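What follows is a single structure, and I will ask about it in a moment.
The chains carry the letters A, B, C and D, assigned in the order they are written, with residues numbered from 1 in each.
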Amino acid sequence: MMATQFPYITAILATTLIGALVTILLPEKKHLAIKLTAVISSFITLVLSFILFLFFDRTANGFQFIEKTPWLPQIGITYHVGIDGIGLSMILLTGVIFFAGALISSHEFKPGGLLGAVGRPKEFFALLFILVAGVFGVFVSLDLFFLFLFYEMAVLPMYLLIAIWGTGKKEYSAMKLTLYLLLGSTFILVGILAIFFASGLKTFDWVSLNSIALPKNLQLFIFPLFFVGFGILAGLWPFHTWSPDGHASAPSAVSMLHAGVLMKLGAFGIIRVALPLLPYGAQVYCPFFASLTVVNIVYGALVALAQKDLKYVIAYSSVSHMGIVMFGICSLNSLGISGSVFQMFSHGVMTGLFFALVGCIYGRTHTRTLSEMGGLAKLAPFLAVAFSIGGLASLGLPGTSGFVAELLVLLGAFRAYPVLTVIAATGIVITAIYVLRVLQNIFFAGLKDRFVAPGAGHKGDHHHIEISDAVMAERWPLSILLALLVVLGVYPSLLINLINPGVTAILQKLGGPF
Amino acid sequence: MIPVKEALILASLLFAIGIYGALTRKNMVGIFMSIELIFNSACLSFVIFTRYLDPAKLSGEIFVLFIISIAAAEIAIGLALLLSIYRTYKDVSGDAISLMKG
Amino acid sequence: MFKFAGLALLCPLLSFLVISFFTRKSDRLSAFVSIAAILGSLASSVMLFALVLSQPGNHELTTVWMKFPVNINIEFGFLLNPLSAVMLLVVTSVSFLVQVYSMGYMKGDPAFRKYYAFLSLFSFSMIGLVLANNFLEMYIFWEMVGLSSYLLIGHWYHKPEAAVAAKKAFVVTRFGDFGFLVAILILSAKTGTFNFLQLEGMLGGGILTSGMITLVALLMFAGAAGKSAQFPLHVWLPDAMEGPTPVSALIHAATMVAAGIYLVARAYFLFSMSETAMLVIAVIGCFTAFFAGSIALAQDDIKKILAYSTVSQLGYMMLALGVGGYTAGFFHLITHASFKALLFLTAGSLIHSLGTNNIWEMGGLFRKMRITAVTFLIGGLALAGVFPTSGYFSKDAILIQVFTSGHYILFAMSLATVGFTAFYMSRAFFVVFLSTEKFGKKHPHESPAVMWVPLVILSIFALGLGAWTNGFNALIFFGGPAHETEHDLFVPIVSSCVAFLSALLAWAIYQKRFAFLTALAPRFSAITTVLRNKYYIDEFYAFCVNRVLYVISNASAWVDRNVVDGAVNGTAYLVGASANVLRKIQTGRVQNYALGIFGGVVTLWLLFSMVK
Amino acid sequence: MIEKFQFYIFAAMLIMSAAGVVTLKNIFHSALLLGVALLSVAGLYLLTGAEFLAAVQIIVYIGGILTLIIFAVMFTKDLSDKHVRQTNGQKPAAFMISSVIFGVMTYGILRSPLPDRDQAVKIADTASIGRVLFRDYVLAFEVLSVVLLIALAGVIIIAMKEKKK
């Protein structure tokens, strides 16, 4: 097919990097041009990823859209990119979240908006672009060196994005996040180098490395390194504490990208690197890590229940949900891993939605404390509906993608660890409690006196805050995310059929599908 | 001809003395002088080695020439710096200047 | 045949979407769309019922929902047989009547369209639940009815009680659903399928050990108990009365709460394989019936009386299923749907007219609201099981079943419950309709036709469904049709006597107010207090949630902040502190550094030479 | 034999003067002793047959570098009197380190397979050094000249800047 010869993947990476470049070159004052560049290039990446989705051959096994150019052949580094269904679903997710995030943050840069108070849209978007380029890069890399490079590229801009445009104790959070994630990267780097030297192939190429079996001792030694290293980014308990602080301090779009996409890099890394390259290690360690991830699920939900700050609730719910992702991975069977990839997508969309909504709400009420809100459904029905649907997806209600994901993970995990699965399922019950608690606190029950409809406050009145419903710039991104949640909940095969071949390939390395 | 091993031992002794001086001298000029001793020890070794190993090519001697020229440049710059330090601090002892103290 | 099933399922969904996205501007249009859709469903379910009558047995249509390269069967489909056809008929007809009724009841409500959208969503989910051909699909719709119930209970979300009640309903049922989910997980892991018919075959083939079957059955029963408000998960149902009354009639009396019963009936092949599970079901059902009936005795809110009565009746159905009375239990579900929906709607009519729920603020309404009064009476008689209403037939079938099963304690308790039922219904009737007028300046009036016509239709069903007993017995059965036992008159006579005596007692206390009876009241004050407070179960749960769950949750949050994160910050502090010590090495003196360099070189030399 | 004798004489001179350079309290004396040490090295060069180097050593080191150093000593004269401590507190450690360095190097030299006797030596005359320098090492030579130029300029700039202040 002609269409497949166009280097789509490189085009996606290039679009984001060119976007960054253009943004940097634009004059500081031209806010509109900067925002337009951001929205347009994010839209192009979305379109490109959608084209990939359309042209992707669902019947074929293995990787597609492969591009391969030697980069530093002396030490076996190749620019080798390509996607399987797992990578493709993550690319779609990134495209969607990026687009929504660009829209939302363009909106927030308006005077009086959350980001408008800080200003500097140029630097913000440039960093955002670099981050996204890194994210895309990880999902497409078939070379461990590039994978690591892109991984770092995605992590580092986060520091500036949070420390400059964040809220609250942003410097602390940014520092904690960066140091923690770099700790994880160190583990990964050691693991990658160990593979490089132990394989004897003198190459970082994933495909070549995947075709051989690494020595068992080595696998035993480095599998935990990879799992913990990537797990840190995925919020693995007890290495998760960077995430609530980071998410709570970050601006909306950054939280969206971070919780929505960046945390997935961790889980994706485990699926792409740790499982296929170290199958023996996986079999040995996964029962142990499975119990950690169950702690993630239940404990994350319990802690979320006790939070008073809305963003912290969402952040801890991410910890809990990422636990589901990793739990699915640890099940080491096709239902579980497919489920966790699906959950990665679903949670990405859902949490992107949540953080966008939190931004919308915070921008209106100027508070994130749950007890200070109430009854907002009356003034902002759209936000209420959007939050409710997101919440329902979060508690795994059928008809939303969250259900499919959790169901698949539980079905898969039950075959491997029945008792742990039952414990994990209790976490899902607790999720229902805290999601409904949040919904009730913000949107239902009596409307707080402080909040009035637009136009109802008096001039110069500082006691009342005027609350309006979502405007178009907010409705569009939110609607896209909502639609995805529901469509995938009703017709999951859209993704499942993509994911399955990739998962099967991994399972074959693990000793056949079961 | 001179005995090789003794000569080399002599050079290493000179080197050790130079190190000792560089580590203990308080005055920067003293440090410079110790460094010159170290240079000389190196040069001496070069000459001895080239005599013994490769007398035809003279590479050691050429090297020594370069070292001497560089030493000259070094000492010129070093002393210029020393003078400017002296103007600023009225002191040229090695432990007087500790701006980078942690 | 499947065309009709699909039509019945899709009509309400379409109506939900149309109302949500298109007819947002018009109340009338939204109501019209919704009613038209449910009428479509009703029509197709009638057709379906006719078809099933003509060719009984199981008809299955199934498609793959998600495909996996392992032997697991995630599918979506319809299973049509007499059970689902009858249930479908009940659901669509009650939905239809309630939707019509709501036009009058909800008139002028600011969220009228939302209300109809959610009613449609509910109908869709409920129909899907009924038609499901596998456990997973059933679970999906099961959760969705829970969602619609949540949304409708919280219809007046700005009332804090409503918001809390909605949340409580969702969470409590979710506890039960947890069991259901685990049961599904076990089944899937052991058999690789969720399909009812396949599972029936596999279980018959002995794929599970009996212990495993008991476990699965009990877990599944937990789900059913949550939905059908069985003790100890019954607490949400009375609170759910915060929702609009037609919703209570539809969801919390006739259809959704019966889903638990339906689940047990659907999975009867599973339950009947485990005697332990059956016994548990019977005991819990019986206890719930007795217990909720006793609470209903002392309630003042007319909707709460009916709510506890519903819990109690659902207990009956469970009891029937538990003692093997498959037909009887399910028949009671149907008759109960008709007369309980009727009772709720009449209560709605009263509330609509008076604006209060408290029976003591009503009184003497018989003359003002004749249709309501008569239909209420019919419903009450049916509930109390008086001959010849439908309630008589279904309830006595259950009692006979319990009696013949030999569980005499259960029989005694259910007999007592009959007494309770008769007592609280008579009490409500006497206080509301016959006692002296108390409504003061309010002017009670009969409700509009759009409200009373459904009442009349329902009361016809409540009266006449009993005539269908034999036909029903021949249609819905487990194993083989229930044999025509020669009518043992002992049970009906005893139960009727009990009912009559209780009614008489209520009459004496609340209508005649005989002095010697009212004088007794203080002696029972302790019991009344306990009953009024619903045996303090809510308090116990509140304690569990606030003291236990929130304490655990706060403790975890504390641990997270101070132990887990404390370790992180501690590490950071440790690094900082050691840097504080180590920075003293950084003297700023060049010669010190040189010393370090040479010292290092020397040390390395020595080390290497030692290693050699 | 006479050469060996000459060698030991120069060696003794070198070591004693070097020891003086690093230990004497008077920095001016040290500077003078440094001259002696450099001279001894030049002598050793002569003994090894590198006359050209010996000449360069004397011209550049003693004529240039030593002069500079003495200038510097005189500039900072107020710091070189007897009352000022001329050593820091690192004496013991420095002594240990330098003795270990010496020990290890000596050990290595003694253990090495170098024969005690020199090979037959062709006298390296100035002409051959010039040939090698301008043929084989011409590039390095040119670079060196640039380095020297830069150093020259650098010295001037450093000195000038200070004057402005």
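We adopt the following convention: a residue touches a chain if its C-beta (ideal position, glycine included) is under 8 Å from a C-beta of that chain, and two chains touch if they have at least 3 such contacts.
Remember, it's a predicted structure, so these values are computed and weren't measured experimentally.
Inter-chain contacts peak for the pair B-D, counting C-beta pairs in contact.
Put simply, the chain closest to the centre of the protein, by Cα centroids, is A.
Centre-to-centre separation of chain C and chain D, using mean CA positions: 99 Å.
Averaging C-alpha coordinates per chain places the centre of chain B 93 Å away from that of chain C. With centres taken as mean Cα positions, chain C sits 37 Å from chain A.
Distance from the chain A centre to the chain B centre is 60 Å, each centre being the mean of its Cα atoms.
Among all residues of chain A, none touch two or more other chains. Multi-chain contact residues, meaning those touching two or more other chains, occur in chain B at positions 19, 23-24, 94-95. Touching two or more other chains at once are residues 589, 591-592, 595, 598 of chain C. The full set of touching chain pairs reads A-C, B-C, B-D, C-D.
Across the interface of their complex, chain B is touched by residues 3-4, 7, 11, 14-15, 18-19, 21-22, 27, 30-31, 34, 37-38, 41, 44-45, 47-50, 52-53, 56-57, 60-61, 64-65, 68-69, 71-73, 75-76, 79-80, 84-88, 90-91, 93-95, 97-99, 101-102, 105-106, 109-110, 112, 114-119, 121-122, 124, 128-129, 132-133, 136-137, 140, 144, 147-148, 151-152, 154-155, 158-159, 161-162, 165 of chain D. Of all the residues in chain B, the ones that touch chain D in their complex are 1-10, 12-21, 23-27, 29-30, 32-34, 36-37, 40, 43-44, 47-48, 51-52, 55-59, 61-62, 64-66, 68-77, 79-84, 86-88, 91-95.
Residues 19, 22-24, 31, 94-95, 97-102 of chain B touch chain C in their complex.
By the touch rule above, chain A contacts chain C in their complex via residues 176, 179-180, 237-238, 240-242, 299, 302-303, 305-307, 333-335, 338, 375, 377-378, 392, 397-399, 403-404, 407-408, 410-411, 414-415, 418, 421-422, 425-426, 428-430, 432-433, 436-437, 440, 443-447, 492-493, 496-497, 500, 504, 513-514. On the chain C side of its complex with chain B, the touching residues are 583-592, 594-595, 598.
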